[in-house]
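Right after this note come the structures.
Look for subunit A in each of the two complexes below; its partner is subunit B in the first and subunit C in the second.
Now for the complex of A and B:
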């Protein structure tokens, strides 16, 4: 079951696994910020590679990762992009700033090189964030996640909610299976034999006892925590936040470097001298860009610049 | 005279949501280092009393307190739960819910974390506490792979984190099998002896707790203390049967034999000094010729032939299992957790299918039947009724399976009413399910199975978490199903009393193999089977050894006598 959910409950043996919770949470936060901040493929590809290296270094069981990747790839990327093609084939122009049509079906429906570039970059960006989430999930136990978040300054009560949620997932999954079995024996059809609507209705039947048993447990857990002094002080220490390993300072330093680079990138290329479009494209030089992105979060700055006559 | 560490003076408590108080007129002194058993049926107020000591009342449960309760010199109504948690450690009944951490080490560390102990100082304490309960090799383990007994040990180690003076155990035996329960009782006793801490145990399973010495027993009923005496005096009195507590089996046997109960060490079978008169009476009782319980010779309804099953290819959960169950039999399926007994039940119900071998159900190979079709012949009642009930009204819940099968209205009505009447629920048929007790919910789940009119009932731990009163009630009702409707009953159980008193045959699993399938008295007299199935020798066995009698025939005589008494009723 752990594998199906890619939740890691016991710390693994590799360097990445052994880092402290704080290092991992910090790295993940900065990595996410870096990936979110840019659509520049020259930055996205290295970020993707770093995350893939992290994943490979942990020698995980690839099967569930591949399955999850395939599902996100098929649903989000393939389906989404085909729809996008029909709805707005002009995203290439608005995001990249030029249009080289390679296949014109009608005035409103055409395929351009820039459209393909747009969806390619988007795919790389999504894959990079997928890889960073997987790398984080594989490396971090829920307790390390909670202690790391707390060290980053988050209130410890919120952090405990995180680890408690993970704590109960397997129990709830177990209850679900038991309830489903008993329902099946009473004749509630949950297999593919029943129609989709009926199956949906029957699944709702299962949820009733599932929710009630889960609520029943909440009271007990709360009592157990109160009795052992949870919430006694404004702060608490964490057993999961273990001593730094040899690698912790190295990874932390690299993360700080990445943070500095990301900040530099945002300030330099998004604020001081914003690139006229979101997407850098190898065959569209800066001077040939025809149209800037209409919906740009930083458009006010550009607008001010234009007013100043730059 | 020492100062009491816990002192109740004219104490009473009423929950905010309730009209009447739950505790009345409690006057109780507990002295440092004492080991106390608080005994009482469900709803007698014993857990409420303990929650007054550990501070959950009034911290988590609001209500009105009258009188005073002082713990370690602090008046509890004004002290914070945190202040009390420094001196009182509580091990809750639900071993799973109180496991807060995601590893054994983390859970033991929990109270230290809250006390802001630096990690470096925690580690040696965790090591020390884990080895005290014998869990030192499991520090990195996750809760999902631990047994109930192991989780409980972790919980005990966890309350030691803040070096408490009073330890409270709330129904420590509820979720453990007999052998683990025995280990838990021994562990609690060792801790109390080694550390000299005050220990309070809440239980209704008297015989199991008396496996080791307790100083005093407080008997509670309906919110009052009805007795505060030594174990010997309590066993000699008639209070146990008066207040619905099961007495130890050997004591029952002694009463059947007409023994006087004046012998020394009555509460401890090993040290019990039987008078020569009592010995004679017992020997006469256990050797008296009695009508043998008839063996069931009906046709088989369930046949397992060489059944094997594995969840994944690595390890077989069941290996070449073969057994037969005859119509109208009452069977106890016994074995430790993970031995394969639930897997066998799931195979019978068709939720999972065997890798090899065949299962015949009333002459039909189950591989040709769907789960739903099997469900019409086998009714499976899960341990926790809350995981089965989906409708709001009792009648709807009982009729659910009929509605799904689109049984005609009048036929469905007839079946629902019969099921409700048999289960004694007809009067409550239009009540909401939320308004009834746990034992009644259990009967609702049996009734909803009965409505399908199966021939075989599988009851998973039917008596878990229930006191003697609701235990006898459920058993009476299940026995009616068996006697009057000829239903075959399978109990998946750890409960030795249940096996002795209510079943004809025991099927015992150990590590995926069937190690015994024999009359209950033979199984319970076989030390090898007992240890492999994580059972515990019944006190009848010990009594037989003490008297120099053959354990098997001793247990057989006892069962035969009980059946005789039963049939006379």
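Now for the complex of A and C:
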């Protein structure tokens, strides 16, 4: 199960690995903001490609990434979209602005071209977000993450929390797996054979020792840090924050450019001249878009309306 | 409770021990979110991770619990591979704040009244966080379909409340007994 983790603990050899922590954190923050701010496929695809290039340039071990992507694809994209289809097949109309039905099952259940477009764009957005996270996790060691955050102006105590948490994950994951295995060997049933109540009760049996072992370490670590003078001063420096490499100014300039473009996009297309709907679609011209109020489609509002009507 | 105690239960005392405990809580949150649950659908699973704010809150107060849950959720997103979802991280942070406060009060005195307050705070915190904060953030930042978000939110808060009450209360009881056994000091 440990090979599922992709956290990087040792500085790698490639250009992306060698950047300073601040550059990586800055790039990741701007990238996330850019991906969050847009639903336009014309922007999401380039962002996705940039992140894929980053990942490929680091020459990682692809197996855990593929496994992770497959699991997420099945549990989130496949199941989520099937659910979405049954709950609200009309998302095409609310988000894309038109409806070309291609398969009508009943009055309330139908498949439209725009529904497919919506889930396709959302999948691209999700994949871009996934790729940016993977690229960041592959490139950054916990200390670099913390030093980068500190340089962004965050209090160093919060940075320590982040790096310490990031660093102890494998230990705690090992503890968890060991405790669970030994409990299962003693006959504690956790699979679907047991009822939900039984499983919850058995979970307590695992959680209690896990919590006590995990928090039992607190005293030792805190004492070790105190003895080395942690928290004595208002500021601290970081081993991980090294000299800038040749590529740092280049990547930082590109990140600033991306930030400027994102801000321009938000101000131009979402505030000054907002596109009538969230999702741009090649076969729906702007003049034909039907605007609907997203709040009207909420099932709670529908129930209230129905109750009032009767 | 005097004024000093109210402040302490909300903000906590930020010494090295608290920082380490919050960090370990965040790591535990990440691990439990990835391994300790069964994913049911988008972004949601019957996760046991919400036990972490209960424990951290019981020992250190509401704000440490909230930070542990917030950082833990970001870290879980980083190692889990489903992308970063700030709306749910901030929702978890809000819920954990309430739960941590309830747990801290319960830890002071394990009485029936405090158990009721704890359960009320759990329901209130989850309702506020996943019924109001997360859907608003989702609508503003991600533009997901709100119907699906609400279904996830209702399911998520119900499972969280279940974990916090059914698993959390026994753990809190054990924890209060464990610390009580180590010390015979009484607050005057």
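What we mean here is this: the second predicted complex is superposed on the first by the 259 of 310 C-alpha atoms of A that agree within 3 Å, B and C clash if a C-alpha of one lies under 4 Å from a C-alpha of the other, contacts with A are read in each partner's own complex, and residues count from 1 in each chain.
By definition in this document, a residue touches a chain if its C-beta (ideal position, glycine included) is under 8 Å from a C-beta of that chain, and two chains touch if they have at least 3 such contacts.
None of these values were measured; they are calculated from a predicted model.
Colleague: Quick one: classify A:87 as touching subunit B (first), subunit C (second), both or neither.
Modeller: Only subunit C is touched by A:87; subunit B is not.
Colleague: In the superposed arrangement, does A:231 touch subunit B (first), subunit C (second), both or neither?
Modeller: A:231 sits against subunit B and subunit C alike.
Colleague: Identify the partner contact of A:23: answer first if only subunit B is touched, second if only subunit C is, both if each is, neither if none is.
Modeller: neither
Colleague: What is the contact status of A:51 with respect to subunit B (first) and subunit C (second): first, second, both, or neither?
Modeller: In the superposed model, A:51 contacts neither subunit B nor subunit C.
Colleague: Is A:36 touching the first partner subunit B, the second partner subunit C, both, or neither of them?
Modeller: A:36: touches subunit C, not subunit B.
Colleague: Output check: A:164 vs subunit B and subunit C. Expected answer is one of first, second, both, neither. What do you get?
Modeller: both
Colleague: Tell me which partner A:112 touches in the superposition: subunit B (first), subunit C (second), both or neither.
Modeller: After superposing on A, A:112 lies clear of both subunit B and subunit C.
Colleague: Of subunit B and subunit C, which one contacts the greater number of residues in subunit A?
Modeller: Partner touching more subunit A residues in the overlay: C.
Colleague: Scan A:255 for contacts with subunit B and subunit C and give back first, second, both or neither.
Modeller: Neither partner.
Colleague: In the overlay, answer first, second, both or neither for which of subunit B and subunit C A:222 touches.
Modeller: In the superposition, A:222 touches subunit B and subunit C alike.
Colleague: Same subunit A residues contacting subunit B and subunit C, which ones?
Modeller: 164, 166, 171, 208, 217, 221-222, 225-226, 230-231
Colleague: Under the stated contact criterion, what part of subunit A meets subunit C in this complex?
Modeller: Spelled out, the residues of subunit A in touch with subunit C are 1, 4-7, 32, 36-37, 39, 65, 68-69, 71-72, 75-76, 79-80, 83-84, 87-88, 91, 95, 122, 126, 129-130, 132-134, 136-137, 157-158, 160-162, 164-166, 168-169, 171-173, 176-177, 200, 203-204, 207-208, 210-211, 214-215, 217-219, 221-222, 225-226, 230-231, 278, 294-295, 297-300.
Colleague: Show which residues of subunit C lie in contact with subunit A when the two form their complex.
Modeller: Against subunit A, subunit C makes touches at 14-17, 19-28, 30-32, 34-36, 39, 41-43, 48, 51, 55, 59, 67, 71-72, 75, 77-84, 86, 139, 141-148, 150-151, 162-163, 166-167, 170-171, 174.
Colleague: Residue numbers of subunit B touching subunit A in their complex, please.
Modeller: Contacts found on subunit B: 54-56, 59-60, 81-82, 85-86, 89-90, 92, 94, 96-103, 105-106, 109-119, 122, 126, 140-144, 158-159, 161-162, 346, 349-351, 371-372, 374-376, 378-380, 382, 384, 386-390, 400-401, 404-405, 448-449, 452.
Colleague: Quick check: in the complex, which residue numbers of subunit A touch subunit B?
Modeller: Where subunit A meets subunit B, its residues are 9-11, 141-143, 163-164, 166-167, 170-171, 175, 178-179, 181-189, 205-206, 208-209, 212-213, 216-217, 220-233, 235-243.
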